[in-house]
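Listed after this line are the structures, all set down as structure tokens.
In what comes next, subunit A is part of two complexes: it sits with subunit B in the first one and with subunit C in the second one.
Moving on to the complex of A and B:
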């Protein structure tokens, strides 16, 4: 396989929270030892439920928060060392809530122009204006909307504005954190199609974070499944669905209600709740809810194994088959 | 099959600051049958939540009923006195809301909050009887260790468990109709699967009216479906018929716009434009500006109700062949 565009190596992020009666600090293990490669022009989908660490992962990669351990290699350099100007230009983020991520008192044209001026990509306001009008058209908005304020736009249009702003610096990687979750289905479809079109036109690489496996399946070329801060399974989209290995992935796929009258058989309903990231279970993180759990799962923490080329899984069921773990 | 709840040309709107009434729901007509689960689907602003709040008479102050009736076992819920509606609320018809975090009182125990409903409708029950019934109810909705949980407070429950508490509270008086407004939207998928499983088990005891934007959930537990758009019913009937042969261009578009696990789509169909707000509703078909099949008279004249089959109605100007 080609060289990685971005290498994530043993990344961990623990947040300290308050202290207990005896002055002992506890830690929220948001992400634990996450490693993967992101390849150029792919869309890597990251799926997980609340508390899986998927958003933290996106934020750490963008250097919005410092990691506890590990590194992210971009252009041969660890991004956590040295200046961030280049990283900020090459990597941009689209957030979930298009209502909260735009300044209500700023004209949308000015909001989009701001990164251009900050990074001195344009020399004057007139140039910036021309650039912004181009961007508005790229994301399917009219140039006349330059002077409007965010409240004059619908949710879908606001998300287009957020995308235009993210694209202003001509980034190579776009991290989308639940970028379509707040939208109605008919609008969500428009934005998903826009993401696909932009990817082709501008040769972008996406890291697409979502809780919705159906959305991820539609947009991604590869999928990474997270549970309680760990990578559970990583494979190409086709492989993940045709050859599902991890019991959690299996349960996740079967839990999604499908809008079809064909009854599916063998629905897996997991017992219990997602454990708290403060008190992580021993052994495999998923053993408390796993329907295939074995006695040894309670004690042995399974390594992430490559069971077939480019198909990684963290489960003891497969650890006998091949011994070449990454860990 | 008898109709338990009937909407007959029910219309309502909101009074704005100038005192003008702006129509929201327009001539909504459908019925909930005994022992059946009906799904009300639509996007935000289509009036699906207003439909359910109208049944419970929990509409905001600015709301104005503009006509029609909502019949429960033949009684018009809109003309009952406050006292009479209070008797029905919680006992005959009860409701589960989307947000289990905000619909429970944080300073009262779970046991007290569930027991309160039972006590309100059955004042003859002793304290012990109420407690016993509540614990039994908690057990039925799958809360482990109900004796201990009885005395705990909402913050000690997870999101999924709180939604189970809401279900326990809504079903303790064995209502004939349970209204669930987006009951799983705030939950994770694996927890949603647990709650849906519980709801389909409870369904056998009465009618269920499920309000959701998720067509997958409707396919999972509903027998019938009502598709709403901008305050009007656009298509209604048996779930299987509508999902297999959607007729209204909006329903067709909605189905095609959803990414699914079973079909590989290169590009999603997207309905052009956005959902209109009530101020801009057209006199004719409210979907006309976004419809690919719109004809000149669609925007000005109210579309007729067409009967595709015994169990499938569509409000549209297009001609549909039988069973198409």
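Moving on to the complex of A and C:
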């Protein structure tokens, strides 16, 4: 196995919220003890429902939020210790909402040039302008758009601007947090193709966060399934779809819309909503909605097991089987 | 742009016309007869009639109104009932004092209010923010004459730090001494108004800063690698200033009309005091003039603040 590009070790992030009458603070467990490796030139897709901690994970890795515990090792160094200049240069993020993530008062050219200026990659405005025009062309926009304001662009164009902004520092890792979910399906396809093209041209590694399994399936080489801040299953895309282990993954896959007029068979419909991340369920986090739940799921918190090489799953179905030696 | 400005200007003229008309008729609805002020009962009947004719009080209201409008177009606001001076001269002699007070109060409110508001937003719900919130509630709700009397009693009367009233010590001194004297007189009225006005600036800056700092583009700016100060200043404050500018425009309007209570308590010879005196004296022409100035200021200020806001925010299209 090649060495990891980025190692995430036991990462947790708990947000304190409000306090009740007696001053006792509650905690939102946004991510709990998440560990995984990211390898060079792969696209790791992170999937989960709203509130499963996907975005928080992305933001913590990018050091936009301090974690409660755990480390992220990049180039042999924990990124939470020491300066952040290197991290900002090597890792950039494309955000979810292209309408809100651009400063409305700044010309898009200036917005893209800002990272170049803050990291002193260019010595003057003229150089910055040339770089920005290159970047605009890379993402498929016209150079004369330099002087326009964000509100003059469509959603897809804005997302291209955000991508150009993220690429300005020639990062090695691009974290895409729901980067296409605010766009029309046809525009989504264009942007996803742009991501794939950029990956080849610029040798990028992606961490692709989405709630849309179809998007993730299209773009990812490996997929990580999150639920209530925990890793539920982690496998290569082919493995995950052909040999689905976790009941939650099964339910997600069965929920992918199919372009067919035939009556759908075997859809798994989960009852209820994702539980509150303030009062986490005992035992397995998923047991409240799992259609394969067993009595012991209510008490035992399943560990993350490697059932076959590079296929990890957190479910008692497999640890029980292993324990009792039945297949 | 020219078309827009022309349209705004014409609408402004219409606004001024309506306001002048309303002022004219409302003043004449007051349950008192100005004729008694102008005309001394001891005068002979011919003199009385002549006086009434001089001020146009012998004609029916409709005709008075037409004459008033005609004179207005010629730039003639009439004569003050009380001092018999042209109204324009009376107002122009008071206006600079009000403007002086306004410039002092608004510049200090902006200089202090904006940074304090930003700081409060950045330290939301911490000690400083809580103190500032308490202060703003206090200073917005306090009754101005009460505050003025407190200042007068403690700072002017007990401690003798400042003069108790007026704008200068008569007779006016010469040169530098005069300016220092005026500045000393301006401290208490400015402070009173400042405490009241700065609260609005702080409140608006803080609240819109809180909104802006939650925006996604602030997070984007952090991810570019800027430090907190730069993000707050360039990406945050510039976007958060828009409501504050609008409030500042409204503040200018309300202060040109004169801070009636403050100017009265401190005997400051500005427009506010003039309005107070004219109401007591039923001096219609002066009141009409003062309200004309006020409505013209409202019109000009609102055009200006719209232009500034459009310049600050490229999404706003004029027209």
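We adopt the following convention: the second predicted complex is superposed on the first by the 316 of 327 C-alpha atoms of A that agree within 3 Å, B and C clash if a C-alpha of one lies under 4 Å from a C-alpha of the other, contacts with A are read in each partner's own complex, and residues count from 1 in each chain.
In this text, a residue touches a chain if its C-beta (ideal position, glycine included) is under 8 Å from a C-beta of that chain, and two chains touch if they have at least 3 such contacts.
Predicted model only: the values in this text are computed from it and were never measured.
When the shared chain is aligned, subunit C comes close enough to touch A:88, but subunit B does not. For subunit A, the partner with contacts to more residues, out of subunit B and subunit C, is B. Touch criterion met: A:149 reaches subunit C, while subunit B stays clear of it. In the overlay built on the shared chain, the residue A:213 is in contact with subunit B alone; subunit C does not reach it. After overlaying the two complexes on the shared chain, residue contacts for A:229 are found with neither subunit B nor subunit C. When the two complexes are overlaid on their common chain A, residue A:100 makes contact with subunit C while staying clear of subunit B. Looking at the shared chain after the overlay, A:115 reaches subunit C, while subunit B stays out of its contact range.
Residues 43-44, 158, 160-161, 188-194, 196-197, 213-220, 239-240, 243-244, 253-255, 257-262, 265, 267-271, 274-275 of subunit B are the ones touching subunit A in the complex. Here subunit A touches subunit B in the complex through residues 49-50, 154, 156-157, 184-190, 192-193, 196, 211-215, 217-219, 241, 251-262, 267, 269-271, 273-274, 289, going by the rule given at the top. Here subunit C touches subunit A in the complex through residues 215-217, 219-226, 230, 235, 238-239, 312-315, going by the rule given at the top. Taken together, the subunit A residues at the contact with subunit C in this complex read 62, 64, 84-85, 88-89, 92-93, 95-97, 100-106, 114-115, 118-119, 149, 151, 162, 165, 169.
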